[in-house]
Each structure stands twice: as structure tokens, then as C-alpha cells.
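Two complexes, one shared chain (subunit A), two partners (subunit B, subunit C).
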Partner chain A sequence: MKALHKLIEERVKPNFTGEGKLKRFWVVFDALETFLFTPGHTTKKGVHVRDGIDLKRTMFLVIVAMVPALLFGTWNIGHQYYLSLGDITTADPWNAMLLDKLIVGAIKVVPLIVVSYATGLGIEFVIAGMNGHAINEGFLVSGMLIPLIMPVDVPLWMVAVATAFAVLIAKEVFGGTGMNILNVALTARAFLFFAYPKQMSGEIWIHNVMASKAGGVLADGYTGATALGHLANTVGQPVSGEVSNGVMAMFADGGLFSLMNCFIGTIPGSVAETSALAALIGAAILIWTGIGSWRIISSFIVGGLVMGVIFNALGLNAYMTIGPVHQIVMGGFMFGAVFMATDPVSAAQTNTGKWVYGFLGGFFSIMIRVFNPAYPEGVMMAILFMNVMAPTIDHYVIEANIRRREKRLTAAVA
Partner chain B sequence: MPASVKIRKGLDIRLKGGAHGDTHALSAADRFSIHPTDFHGLIPRMAVKAGTEVKAGDVLFTDKKNPEIQFVSAISGTAQEPVRGEKRRILRVDVVAGGTGEVTFPGLQTTASAGDVRSAMLAHGFWPMLRQRPFDVMPGPESQPRDIFVSAYDSAPLAPSAAQALGDRMESFRQGLTFLNALLDGGKKVQLGIEAGDDTFSGVTEADITSFSGPHPAGNVGVQIHEVAPMNKGEVVWTIGLQDVANLGEGLTAGRFVGQRTVALTGSRSQPALLSTTIGTPMAHIAKDRVSMEDTRVISGNVLTGTERGEDGALGFFDHQVTCIPEGHEPLFFLTKGWLGPGFDKFSASRAFPTWLMPRGKEYDLNTNNNGEERAFVVSGQYDAVFPFDIYPVQLIKSIMVGDIDRMEKLGIYEVAPEDFALCEYVCTSKLAVQGIVRKGLDQMIEEFA
Partner chain C sequence: MSTETTTAVEKKESLFSKKNRKLLTDPLDDSNPITVQVLGICSALAITVQVQQAVIMSLAVLFVMIGGNVIVSLMRNIIPDRIRIIVQLVVIASLVIIVDEVLKAYSPDISEKLSVFVGLIITNCIIMGRLEAFALGNKPGPSMLDAVGNAMGYAWILLAVALVREVFGSGAISFPGVGQVKFLPEGWFYANGGFYENNNLMILPPMALITVGVIIWIQRARNRSLIEEN
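Then we have the complex of A and B:
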């Protein structure tokens, strides 16, 4: 590898430095070179040895943690597609048409990922070049999260616009990686939600479902709505009314949205949000490596469960009667708890603050989803709201610390 | 039974090359050097001209702000032209060995008064052994401490144990404690922090003893102050090293300057040994025949807080350890040794590396590679895990970065020294220079109160 490094240093690098023809692309060269080789920089002042961990490895491990959700999501896109066509039924074995499902999924997912990374990294490169600083690795994670929380049939240009908006407005205007207040990926999702409400609702959760409907090949009774979309219809209806009973049947054992199906994730939804199981595998990786905060993940889940129990006790409509465990395995709750709420930049920074932040995030997620059927995905709103609240939470935690110190001083003087 | 404190937050970095066995006496060096830079903020005023003959105990320079504070030579010989750096700042004051004789003064009885002890320490070179909190600087000559803390437990990587460092100087150590007690108001005693299970100090009655267990920085005097009697605004606490207490005891009793130092030569690039010498010994003399110098960083002190002295530098005034580790300027290919490599040779506090899978006894040969580039601050909770103070480290550091004096004070800057943040700096994913930031904050506070 020394030879390769020598080649890069002697042959490639001069093109990007000094009077080199490509010196405008120095940032790109620098990012790629430091990707290949951690520079031989040694410690100067302060500590003489450094921990092996750096931001590249940290970000890479977050992506590794997303892989189960990504793979399952890819498979599920195909699975839902063939379900919608009636080629398979929910009773079919899992491995039926495995390859076909993966291919259908990959055709949808790969372009989403490419568009997200190309747009986001392009902007990052340009801005880093303008400011003359090195590329931060933050977008490696955001760029993967954005496609994973998109509806399957979202037009690619909308992904590009949303990514550009999120990177510029949520991150760069605040000073780039580490300075943002809102989670970048959720900002992209929220942007689409509010800028294109018409395109972002309805039948975009299943690949090609509108074309299938128009062509008359859609399976009988298949609507393609998500679990939360169905449940939203029960709000304002009597608990045991006709509509409610119809919807609730889907959530009973054996229905499309049974507890087990929601947990495994064989239901319609955004690309990689459907499987609570895959998200929990990711959570295990993040918690085990210490990269994701176990405090946030666990308190987020507890917050959701508590709200679920409260709704059960109220029982004002059918939506509220869904069991708390069922509530938290539906929609983007688990994916949000594991990958969105734990974003260390936009979450609370203090350990005590993380408990409060996570709990309220989970609590509000379920509350918003049930109270306001116009926002079926309460998780997005709840986490963004908590992002804004996080500095306030930290403020009170730190004020308590300051007061402790002041009290000690008063006692010492007295 | 002494009171005991268990520290839970921290990290023991397991390095190769600890020093064990008997202590060897190092031959006399041909030079004695003091780096005024060891005393933060000190501006020296030279008291001798180049070429002057000096005896051991003769004044070399004084503190420009407090001329009562004298810095003396530990050996007799010829004073040299000071080594200067940018803006003619004095970096090193040398005495080349030769000649005999030493400065003597009437020795003190154990019943000596506070005034006698103080003036003897000021006049005969013992005062600079003291450091004070807040601000981690040398105390002024009029300074009156609330407490004096001595840590007899250095928990830093490869540091010598108290028994190794103190050797057979227990009698002098106890005399030193007696003199220090005389300086304290209200019949207070020196606070001595020891390692849990260490019975070296079982007979010591001249100090209030607290035992500490747990990972580094359990032995840092700052942590011990925080646990035993945390500092408040306006309070001053002195600290002094274990061996300097013995030097003080021996010197004030005998009426001469004593600057003995047992040094642990450690690190993977050295043949580890315990060496008995004096303060101000050139690093080259300590390293001679025992260190393979090629591509080696020779550090006075430990890998977390020590200083690189360069070829001609000398042992730091407060150091009792020299660490020799390989330099790390090889670029690391990402799949083998770099950020995506398996990383069996890396020691990490995070489980992103397989350190946690390795047997507890495995020792690491770490080099000086930065292991990544400086980045924006992203990861949270990392510093808290290795920082055993009831202080929020990240928030304090941010308040320093924006220069908010009021906030620094509220967040507890009076209690800390840069060394307390050394582990934060080690574990930092974003590779920030945390100790440097804290030093900057303390300097801002000093200016504010000046």
C-alpha cells in the first residue's frame, strides 16, 4: 500500500495543488485521499496518543446498523408489489419469489440512494470548496437515511429537491456538520410532507400501485394504504362502528397489520421503516458499539408505551384501543427511535437530558399520530419538535448543576 | 481505615513498557536545566550571568512578578546563556556541571512556625514545587491555601507506584508533611490521597488519608480534591507532588536544597527501568543506552499530559516519568490499519474497535498517530464517560471557546486543570485539543482577575 500512497502523492496530488490544473477540486481530492489513507498526522500538543476512533468509523458503523433495515426494506418493496398484484398472498411462504422481490426492491431503492447521495454530497463538496474546509462525514449517514424514510413511489426529483433543501437550510446555514438544530434527514421528509402534500399522500407506498389499479390488475380489496393511514380513518368514528370494525379486523391476528406482521415489517410503508425487528437489530449494533445512546432509544420506547397505555385507558376511538406494543411497532416509530432520535447533534447532549428528550419524543409520537389524523406519521413531527426542545432540556439540566455549585458556595461562606 | 472513594468514570490505557524491579542510581549528569515553561505564566528574571560559577542551591532566576520566589540550581557548576525562543522568551536555563559546594541555611525543627517554613521555601527554591487551584499555576508568595492536597497515587498510563516513587524516603516525606501542616490554618492537616490497598502510608499520621480506587484519573489530584472537599469560588488549594514533599522535608531539615527524583523510564521504545536522579536531568542522559531513538517520541511525563522535550531538553520539574513511544507518521490504508481496518492494534474506549474483546491483560504499543482528522463536534456523552467530576465537560469547553467568563465560572472552571481533561482529549472522536482549550479558559480567568 506504500506504493499506492506514493503514486497518489507524487502523480495525482500535484494536479490538485499549487498551479495544478485541477486545484479547484482540491476538496474532492482531499476527501478521497483521506478516505483511502488516514493521514500520517501525529499529535502535536496535549495528549501524545489518540483513541483509534474517528468520525469516519463512527459514521460507517451507523450505516452498518442501517443495513438490516435497508435489506429488509428492499425485500419488502417487492413483497408488497407482488401482494398488490395478487401473485402471492399473505399466507405464502417468505422465501417465495425471493429474488424477484429483491430485484423489484433494488430497482426502487438504488436510484433513491444514488439521488440522495449525489445531491447531498454535491452540495457539501461545493460548500466545502467555497469555504476551503475539509468535508465532514456527517452526510454519509444523512444521505442513507433520506432514501430509507421516503415513500416507495416518490418521484426522484422530489428526493433531490428535498435533500438539497435539507442540506442547505437545515445544516449549512447553521454552519455545517455538528451545528444543525434539526435532524437533516427528517427535515428532508418534512419538507416533502409540507411542500408536496398531494403527492405525499395516497397511493405511493407500494411500487406501481396506481398503474396496477388503472390497469385493473390490482388484487381484490387491496388499497395500498399504510397501517397508520387505515387507522386515521377510525378517528371521529364510533368505537364499534362499521368503519372501525372493518379497520380493526386488519389489526387482529391473521390480518395484514397483525402484531406479528407489524413487528416483522411485512406491511406497506416507507422504504425501510416497516420492520421493527430490523430497527431493533440496528439498535443492538448502535448500543453495543456505544454510538447510539441507549438512554434515548430506551426512553423513547418507554414514552411511546406509556402514551399507548394512556390511550388504551381512554379508549375514545378505535385507534386508541390498539395495544401499546402494537402502536410502537407500527409506522416509523422504531426506525425513528433508533436512527433519528439518536442523532447526537440534534438530540439532548446531557445524560439526564437524553432521558427526558427520548421519553417525550416517544410520548408525543403516539399522541400526534392518534390526535391528528392529518399527520399520520407522528414520529417525524415529534422528533423534530424535540430537536427544537433539546437545548431547553439541556439548559435546565445544566442549571440544576450550576445551582448545586452555588449552594455549595453559600454553605462554604456561611 | 482511611476513608475510601471509588471512582467509576475513567479509562486505563494499557500501554506496553511498565517499569518494575529495583531502582538504579543514575550517574551524575553533566548538565542541569530548568524549563521556565514548566511553570505556566512564569516570566523569569535571570539572577546569574552566563559564565558565573554557581553552587547547588544558588539562585538562577526569580519570578518577575514575585521576586521573592527563587529558582535554584540543583547542582554546582557554570551558568550558561539561557536558551531563548520567539520574542526572546526564555525556554531553558542551563548549568554545566563542575565544581563543588552547596548553599546551606539553618535547618528547621519540626516545630517551625508557618512564617519560617514559608520564607525558607521561598528563599531556597522549594516554593516552585507548589501548584495551586484554581488556574493550575504556581501560588503567589502571599497565598494562603484552604487545604494542601498530595496525591500519592499516579493512575496515569505506566506511571510509577507510590512505593516505587518514594523508595526509602518515608522519613523525609513525613517531615515534609509536618512542614506543610504548619502552613495550614486552624490545625488542619495535609490531605493525602492514596491508592486503595496501598499500605505504604499506613504509619503516616501527619495527613488525613483518603484511598481511591477505579480507573484513571482516580489518582489525579483534581479528582481527589473534588471528592474530598470540592473547591468553591474564592478558595485556594495547593497541591504538591509526592517526591517533592520528601524533598521539602529533607531539605528544610538539613538546611539545603534537595531536588531528588526517582524516574520511571517507560514505554515500548525503552528498556523500562526505575532510575534515581535529580530534577533537571537532561532527557538524553536518562535515555542513554536505554531507548532506541530512531523515530521515537521521548516524553517527559506520561502520554496524556507529558511534554516532548526535544533532543536537548530536560526532565520536567514536576515529572517522575519518561515515556518513549513510536512516532506514527505512516499514512494508514483504510482497510488494513486505517479507519475501516479490524484495529486489533488500537486501544479504544469505544466498542467500535475490538479492544473490549481482548483479554484484560493485553498491553498495547500505541504510536503518536492522530488516528483521524479534526472534525466538527458531533458525538455526545463521550467526555462524560471518562470525566469523574460533577461538571459538564462539553458545556464548560464550549463556554471557554466563546470566551464567556461568567458561564465558565458557573460551570465549575475553578476546580479543573488541563490534566483533568486529558482523557476527554484522548477519546475525542473529533480530535479536538481539549487540554489546550481548558488552558486557554484558565488563562482568560487569570486575566479577568488580574
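Then we have the complex of A and C:
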């Protein structure tokens, strides 16, 4: 480590400082150097305590928390692919063709990650260079989240366009990292959802499923639609009609979308959103390290459960009869609760506000997905909506606090 | 609302003096009605899906604006102050009805596409704003230049937004009389086994707002004096 430090300080750094040849690229050097060594900045005035957990390390821990979801997602892409070809059966999901599954998954996931980071960081570097400020680490997490919430077979150029849009319009316009109103990764997803609806819905959730179908090698019963896509078909149908019964059979024990399968995540879906288990492991890491807000995560889940119970009580269509626990382990609900809703920038800031923000987020997620079949993934809409509402929530929490203290003061004086 | 409430200049002045030329050029950039004064946004968002609609709309606004400014400027000394708004409205409404009837007669399909937005020119804040802020206090000559300048400032934003939205949203460019020309080869699209897809978000209204926002962003990055201090 010492030798490396010496090399950077004596050989590399002078090129970027003062009159060095590469001084225009100082921001790039600065950003990469602090990955290796904690910067030696000292505080000039004011508070003299510096926390070792700076933005870069915070972001890095979030990435660590995403690793279980990423690894499971990679495996699941291959798993779904071979299932759709009929090469394996659901009976033995774990051991069969493990390496092949991971290779197929990696072929899909790695390019997504590369494209997302290359586009996003490229824009960040250019803008930081233009404005002469340091490169912020905010995109480390967004750049990882974007590939994780993409459909498996999304064209790469669309990912690039969406990433560029999200970084520019959702973040840089408002002043860069820490100033954004909306969650950057979800903005990218929402952009794709509205911009390319044909490519963002239908049979894209399993690798190559369209080609397999055309080639006649697709296993029986495979359509490549997600759990939510199937359920959306039941809206507007009688509870125990033919369509509803067919769909509900898939959600019963032993079906493709049984409670257990949804919880573990061996179902078609976006790259890493399918596994509630992996998201919960991520949640444990985030809460244990104190980075993710346990208030938001838990109230988000409670909000989803409450809405699920209400729908159960109503039971107007087959979608509403799905159990509340089943509801929250399907789709991107858990992934959104753990990694999207807890975004410290766009979420509510006050503790009471976090309870309200999380609860309503979960509540609306389930409501949107059931009420509006056109938006199967209500989690995205709900979190973006709550992002917009967060400042209002904070405002009323603070106002209430002021009023409470005022009352206490007048009581004490009187 | 603009601050140019210059009172009528008494001495004889050439129509294209430096000051009058500023009336033409200022609204194009420094006091653009859409990007700086943020007026007339509703129509800029609503009818910029296709270039041909934007062209027709711009021409209509140009006509109403010149007519309104000149007529109100001619009447400026006889309009009682208390009822000036209603007089202005009558002038604008008459002109808008002329535009509407002409459009219906000569290009019914575009008239249908523009639907209520031709009628809504009456409430376009740019026109009322210019009547109030300029025509009421200036001679017909400068008033006409002011109208042309502001209508052009409105038009170029409309055309720019419409161009972006139509090229990326429909993969085409349209022009009145020519219709929509799709210039992307059919084989490029996914439906035909290609690699490209039109951006549907561009056709939705939010993207017009974002495009106008991006124009404002670029304009302020180039012209720092426009940035408000808070």
C-alpha cells in the first residue's frame, strides 16, 4: 500500500496539479484517487470531526448490499432461460446446469452494467469538468441500480438513452448529486416505460423467449410474462371466470408464481427485482450499517400489507384476492422498498416524515398495480410520486413540531 | 410581464432606428416571451407534436399579434382606461375568429388538429401582454415591430420544440401543404427486424415541457444575465 501511495503522490499526481500536462483532467484523477486512499483534507474552520464514512464509502456499502440481488438475478436469468427451453424442470432448480446459468446471466447483465456506467459516468465527468467541480459519487449507486431494474432483453442503446436522460434531466439540471428531486434510477426506468412501451412490456422478461417461440423450441406454457403481467389480465374479469381461474392456478402452491417461488425469486422479471429474499438480505446490510432507513423500509412493507388486506376484504376481482404477503413479494416491491424508497436524497428527511413517506409508498404501490393494468409495476410510479410529495410531508411534520413546541411554551409561561 | 413600457417618443424617428430594431431582436433572445417571460406555455406544450401544426400556429399568432398591436395602438388615445381590457379582448377575439374561419375553409385537417388551440389564442398571455405593455403606449409603427418580434420569438421556440418532438417521436418531419414525411427507413424498426424505435415519450405532453426546459437551460448557460438572483 505504501509503495502504491508513493507512486501516486510522486509520479501520477504532479501531472494533474499546477502546470501538469493533464491538469484539465484533475477532476477525474481526484475521483479515482479517493477510491484508493482517504483524502487528507483537514477542516479549516467550524466543526472538527470528520466521519470516515463519507459519501464514497456510503455509496460503496449500498453497492455491497446490492450484491446478493445481483448474483441471484444473474443466476435467475440463466435459470429462466433454460426453463423456457425445457432443458431443466422446476423440480430441481439449484444444481442443474449451474455454470451454464451463470454464464447466460453474465452475458446479459455485464453489458447492461457497462453501458449504464459508461453513459452515466461519461456525462458526469464532462459536466464536472465543464463546471470545474469535483465528481460526485452519487452515480455509483444509480449506475448499478439502473441495470438491475431493466428487463432482461432490453436493447442496450435504450439503456444508454434512458441513463443519459435520467442523469441530465433528473439530476444535473437540479444541481447534481444530492439536489435531485426524483430517484435517478427510477427516472431512467420510467423514461423507458413511457418512451418505448413496446420494448418494455410483453415477452421480454426471459432471455430470447421471442426467438425460442418463433423457433418452436419454447417449453409448453411459457409466455415470458411476469407475475404482474399475468395478474393484470384478470382485472375486469369475473372472480372465478375462466381467465381468472387459469391465472390463479399459477399463483397457487406448486404453480410457477407460488408464494415460495415469488419469495425466493425463481420467476421471470427484471434483472434483479424478482427475489424478495435477496432484497431482504440487502435490507439487513443497509440497516445494520445504518445507511438505509429502517423506518422507510418497514413502513413501506406495512403500507403494502395494509393495502393488500383491504383488497382481500373487497375481493372484487381475482387480482384482489391474492394474499397481502404474496402481493408484496411479487414484482419489484421489495427491491423498491429496500433500494429505491430509501434513497436519502429524494426521500423524506424527518423521522415522522419517513414513516408517512414509506407507508404511503407501499400503499400506493399495491393500489396502482391492481387498479391500473396498464401500469403493472406500480412500485415505480408510487415511489416517484412519493419523491415529489416528500418535501410537502416534511413541511407539515416540521410545522406540527413548531406548533407543538409553541403550545408547550405558552403552557409553561402561563 | 415585460418592463418595456416606453412612452411614445414625440420627435420624428426612423422606423428602423437602433431602438426600433431592438424591438425586433430582443424578443428572440433576451426577453423571449416563452423562455424568459414564460408566457404562452400552454399552446407551446399542446401543439408541438408536429412541425406543421407549429408553423400554422405561429402564423396565426403572428397575424393576430400584428393586427391586435396595430389596431390597439391606433385606438390608444380614445380607449377609456377603465374598459381597456375588454376593448383589447374584442379586438383579439375578432382577429382570432378570422384566423379560425380561414383555417377551416382552406385547411380543415390542420384546423381539426389544432382544435381548440386556435380559439385559445384569445387567451394567449403573450398577445394581451404586448397590448398592455406596448401597444397602449406606442405608435403603430413600433407596435408592429414589437408584434413581429414577439411573434417570432414565440415561433422559433415552437418550431424548435416541434422539430425535436417530431424527429425523435415520429421519425418524420411535416410541413403545411406537404404533410408528414417519414425519413427513417422502415427496415430500421423493431417491427421489421431492425434496431430502432421512435420515442413515444416525445409525443406525450411532458416531453414538450422538458424540451422547453432544456432550451431555457441552454439559453441561460449562454447568457448568464438571465439567471435570477435569489
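Everything that follows uses one rule, which is that the second predicted complex is superposed on the first by the 396 of 414 C-alpha atoms of A that agree within 3 Å, B and C clash if a C-alpha of one lies under 4 Å from a C-alpha of the other, contacts with A are read in each partner's own complex, and residues count from 1 in each chain.
Everything that follows uses one rule, which is that contacts are C-beta pairs under 8 Å (C-beta built on N, C-alpha and C of every residue); 3 or more make two chains touch, one makes a residue touch a chain.
Since this is a predicted model, take the numbers as computed values, not measurements.
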Task: Per-residue touch tally on subunit A - higher for subunit B or for subunit C - done: B
Task: Touched partner set for A:Leu7, first subunit B, second subunit C, both or neither - done: neither
- [ ] Quick one: classify A:Lys198 as touching subunit B (first), subunit C (second), both or neither.
- [x] second
Open item on the list: According to the stated criteria, A:Ile402 is in contact with first (subunit B), second (subunit C), both, or neither; which is it?
Closed with: first
Task: First, second, both or neither for A:Ala347, with subunit B first and subunit C second - done: first
Open item on the list: Just checking: does A:Lys45 make contact with subunit B only, subunit C only, both, or neither of them? Give me first, second, both or neither.
Closed with: first
Open item on the list: Counting contacts the way the document defines them, which residues of subunit A are shared by the two interfaces, the one with subunit B and the one with subunit C?
Closed with: none
Task: subunit A to subunit B touching residues, read off their complex - done: 1, 4-5, 34-43, 45-58, 60-61, 134, 136-138, 176-179, 288-291, 293, 344-345, 347, 349-351, 354, 394, 398, 401-402, 404-406, 408-409, 412-413
Open item on the list: Could you list, by residue number, the parts of subunit C that touch subunit A in their complex?
Closed with: 190, 195, 197, 199-202, 204, 210, 213-214, 217
Task: subunit C partner contacts - residues on subunit A that touch it in the complex - done: 155, 157-158, 161, 169, 173, 191, 194-199
TODO: Quick one: which bits of subunit B touch subunit A in the complex? Just the residue numbers, please.
DONE: 13, 15, 230, 232-233, 235, 297, 299, 303-306, 308, 323, 325, 327-334, 336-340, 343, 346-353, 366-373, 375-381, 384, 390-392, 394-395, 410-412, 422, 425-431, 433-436
